[in-house]
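What follows is a group of structures, each given as structure tokens.
Shared chain: chain A. Partners: chain B in the first complex, chain C in the second.
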Partner chain A sequence: MGTKRSASYYVLSAVFAVFLLFLYGPMICVYLLSFQGPEGGMSFPMRGFSLTWFETLFTAGGRGVGDIHNSFVRSLRLGAIVALLTMLIGLAVGMSFRRRYPGGNFVFYSAIISMIVPGIFVGFGISLTLNMLGMRPEWWYSGIGAQLTWSLPFAMLIMFIILGRMDKSYEEAATDLGASSFQRFQYVILPLILPGVIGMFMAGFTSSYEESARAGLNIGTGNTMPMELTGLLGAATTPVMFAVGTLTTLFMFTLVITTLLASWSLAKRRQLRLSAQHA
Partner chain B sequence: MKIDTDFNAKKLMPEADVAPDDGAQKYDVEIVAVSKSYDGGAKAVDTISLRIPKASYCCLLGPSGCGKTTTLRMLAGHESVTDGDVLIHNKNVTDGAPSARGTSMMFQSYALFPHLSALDNVAFSLKIKGVKKAERQAKAMEFLKLVQMEHLAHRMPAQLSGGQQQRVALARSLITRPKVLLLDEPLSALDPFLRVLMRTELKRIQTELGITFVHVTHSQEEALALSDLVVVMSDGQIMQAGSARDVFEKPTNAFVAKFIGGHNVIEVEGRKVSVRADKCRIVESVGGTNLPAEVTSIEYQGPMVRILVKDLDGKEYHAQISDSRFFADPPVVGEKVMFSWMPEDEWQLAA
Partner chain C sequence: MSSSMTMSPRAASWLQATPFTLIMTCLVMVPLAIILAVSFMDYGFAEIIPEFYLGNWTDLFRSSLTLDTYRTVFKQLAVVWTITLLLGFTISYYLIFHVRSNMWRAIFLAACAIPFWTSGPIRMISWVPLLGREGIVNQALLGMGIVDQPISWLLYSEFSVIVVYVNMLTMAMAGPIANSMAKISPSIIQAARDQGASEWQVIQEVIIPLIKPGIVVGTIFIITAVMGDGFLVRAMSGNQMNTPAVAIMNEINAFQYPPAAAKSVVLLLIVLGMVGLLLRFVDIRKELAR
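And then the complex of A and B:
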């Protein structure tokens, strides 16, 4: 290629490189420091290279790692339920918006506003209301409810994009071919929007897993991961927290990659089945 | 394209299923004073009435926004009828569900389900009816044969060309054994070569099956080539409905004459007449009307040459002259000529 790049190309590339550095640099620091040697501290330089802090995390018997194991299980449980509800409610909301209905705009904007309102006040408001009603917050209703105010708007937007992109004539064709509204949903709409539906589940899970502003005051007894970590990081004296960071990142990556692989193999299997029929 | 002559399309649609013929029914489709307006606003379709005879190929022809697609969608049941009635095989289906009217629609985008193979797309309506897998796939294969697509039955829609997708869409519609097949601009997405090929195919299948096709198009060429009944629409109204020859030779008004093409609309002594371009000459004719004009453009079209002229008032006309006549004495752009026609070639238009 003999064409000369313009100056803006280099400027923008530099900006992008700086952006990447700021985005991933700190995380890379955390991952590196989690492999700190036994004598090492919470900052550079690295004093050797070991898995000591991972070992500490699982064998310390609570020393310096608080209730991290139980909080992880709680987060996982909460995340799975929030993800499932986000997916189901998001799907229902998305389907309802394919036709205009009275009050539709109100539903839409009230959901969008929930993305803008500061989470800590949403959490506080819910907690205050419960208090006035004389109810004790528990993870399985107020905790889940508080997190849904955060995850649902995202699910709704995902559905709007997915359904907005879907050609309306698919549904009309299905109607024309005799499908009832449920059969339309089962045989045409759902298979077509399945990637988006899985996306809603994942968005629901990730937004719950890292959320504490809303859930914090409404979770009842028993911290979730982000709450436990916030507490621990303030008093941390060893790199064991970094090991938690590395593992939880690894966990999220595994989750995402597994999901991708699953949907990829699903498509592959369908293809194989077709060619098998053909043979 | 090889046409499988052994294949008997009629077999796929036993007469009893297609038309319970009691002798009384002369029309497959009757549209009675049908109107469509949205939210009480302007009428997209304004009180149209039309009767489509049995087993005919009918084209709804008009510019975009004339109401032809809305009319088709009202026939299909995908659009509600504001006023009037729709009858199919003598049965009032105005408020009937799309699948209960005996119509089937082929969408402009074909609307093949992207997650299903060609075969499963065609078998879809049978699956809905609860037909067993082996049986419905065998049936679907028969209909894929009808459109010569059996060899690509296991492809996904994305792996098919536009023309192939259209054939699958056609098979998917026909397997429902419609009394009337509705086609929404079926050829507009194809390249010109394929368009002519598929046009012939559509007509062949319509003739073989003996059912009515209602075909929406904005191409007058397509409408003239296919139709038993051409319906020219404009502004939500039917301008003219008649045989292709009638519409071409006897356009009722200036709009039809201009839209169908190949006509000059000329004002003669306060009357509006149309004169077919192929009846016009650019030499003085004895006993005819002669207009002094200047040649502005010449288009060679093979067997014919189209000559555009401008008269002294700047009005434009065109003449179509056979190539042999043209090359005997070829005019050039800018040449002063006599644009002429004979009185018997004038066709009186409605004011």
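And then the complex of A and C:
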């Protein structure tokens, strides 16, 4: 507001800087302390720098590291499937909302309920339902299903926002030019909403990777990463947990950057191809 | 989608919504109804006996523990809500109205999101080197001679529960508020400024009334997160605090499903009641499409 910076600008900048410190302070501790020397503990000072705690993670029979390897693989597998299903089912339900239809409000508000009901109740409810049916929980149906109740509402909201902002005139132009509904979807709608579709995949993966309240009781045998880490919290006495933190953060960082780059180049290529076709 | 050529638009919409609706119905609605049903059933050792039984409910209302757990969680909710609202508002206001370059705004927003790429349990344990007995805060206080013994209530206490909640939930409040603020037309604010309104008057008279939907959505996130969480409270209080969600988790772990179900119904009704009350003030479906 105004061209000259007011005093409030500097006060608010300082508040924001302190907030960033509050967010990053603990994280920086994790990254630094994961390189703690072999004699060092979970607090500062650093007693030398070493890769001891990373080695502990990768050598068999690690001291108090639980089943990190397998739980990580399980989380990745679960996350990938949940992400793919979230993208497909989310895209379908999003497309359904492009017209008003009877029952549409029920679909919308069932998603809102699933979002606001605390996760433990959904997880507990599914587990009781299986119990009543005499079924055993397994990751590939009840685990995936429980996590979809969490990821799908977000996918629906992403589609809602992105389709709501889409300019309808492109589509009408395609219809006027004689495009079939499939062509309209493939050549007009999909390119326009592609960022949202990739967004749904990422939202599906991250919500699954972090989620344990819903999946916890329904995953069957074998913990996922967040469950395994929660179990290890109380027993943690060495910086080995910090090494896990540094590695998993690095993994997420790579994943997010790769997806962003991939979606950017995809959008660019499509644009080039379309303009080549029009030339 | 190709099938809509031969299908009425309404049938196409139904078909497209079917997988989603099936999942929401079978995995959310039905299970919640089952919780209600099981709360009226008897139980033995690690098994549910499908006979009508009111004991779970009479135990729940007779126990003084029930009220204690709710007192604890409402206190937590009030503190966390107040702090995240003030902090979330301040941050959003700064990012939307004071940061002028779009690029810096995007960079700052990304900077606020990156710490959340680290797994939740790791972010909880990351407070040990800061707030623990040998943590940085205690070392600093001792070094400056402010205290002569390490403060023990910094970690595994009510205090650390609040700190970690604020750390994890402030962005959940700031996000919807910033979204509402971004929709305010700059000309409205300019008009108020031209009339001689001070920055504080603009906030009070123009901005706050226009961001109510954002505040409502953020508040809903905070309510469900705090009321429904048991993991964070257990970890950060060192298993010393008992909230309704912790009580439910403990009973589930002990395979006492029917009493856990009765407690779940009560907590769920309270959460849904609070959210329903808030939703009367804002039409989310309209807000999203805007």
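FYI, the second predicted complex is superposed on the first by the 260 of 279 C-alpha atoms of A that agree within 3 Å, B and C clash if a C-alpha of one lies under 4 Å from a C-alpha of the other, contacts with A are read in each partner's own complex, and residues count from 1 in each chain.
Please note the rule applied: a residue touches a chain if its C-beta (ideal position, glycine included) is under 8 Å from a C-beta of that chain, and two chains touch if they have at least 3 such contacts.
Computed from a predicted structure; not experimentally measured.
The superposition on chain A brings chain B alongside chain C with room for both. In the superposition on chain A, A:M135 makes contact with neither chain B nor chain C.
In the superposition on chain A, contact is made by A:V107 with chain C only, not with chain B.
Once the two complexes are overlaid on the shared chain, A:G178 sits against chain B while remaining clear of chain C. In the superposed model, A:L21 makes contact with neither chain B nor chain C.
Counted by residues of chain A touched, the larger count belongs to C, out of chain B and chain C.
Following the chain A superposition, chain B and chain C show a smallest Cα-Cα distance of 11 angstrom. For the contact definition in use here, the residues of chain A common to its chain B contact set and its chain C contact set are 180. Residues of chain A that touch chain C in their complex: 1-2, 6, 8-9, 12-13, 15-16, 19-20, 22-27, 29-30, 33, 41-44, 89-90, 92-93, 95-99, 101-104, 106-108, 110-122, 124-126, 128-129, 131-132, 145-146, 148-149, 152, 156-157, 160-161, 164, 180-182, 185, 209-210, 212-213, 217, 225-226, 229-230, 232-234, 236, 241-242, 244-245, 248-249, 252-253, 256. Taken together, the chain B residues at the contact with chain A in this complex read 76, 78, 97-99, 103-105, 107-109, 111, 113-115, 117, 124-125, 127-129, 153-154, 156, 172-173, 176. Against chain B, the residues of chain A that register as touching in their complex are 167, 169-170, 172-180, 183, 187-188, 191-192, 274-275, 277-278. Residues 1-2, 4-5, 9-10, 12-17, 19-21, 23-32, 34-35, 38, 48, 87, 90-91, 93-95, 97-98, 108, 111-112, 114-115, 117-130, 132, 134-136, 139, 167, 170, 189, 193, 199, 202, 220, 224-225, 227-231, 235, 239, 245, 248-249, 252, 257, 260-261, 264, 267-268, 271-272, 275, 284-285, 288-290 of chain C are the ones that touch chain A when the two sit in their complex.
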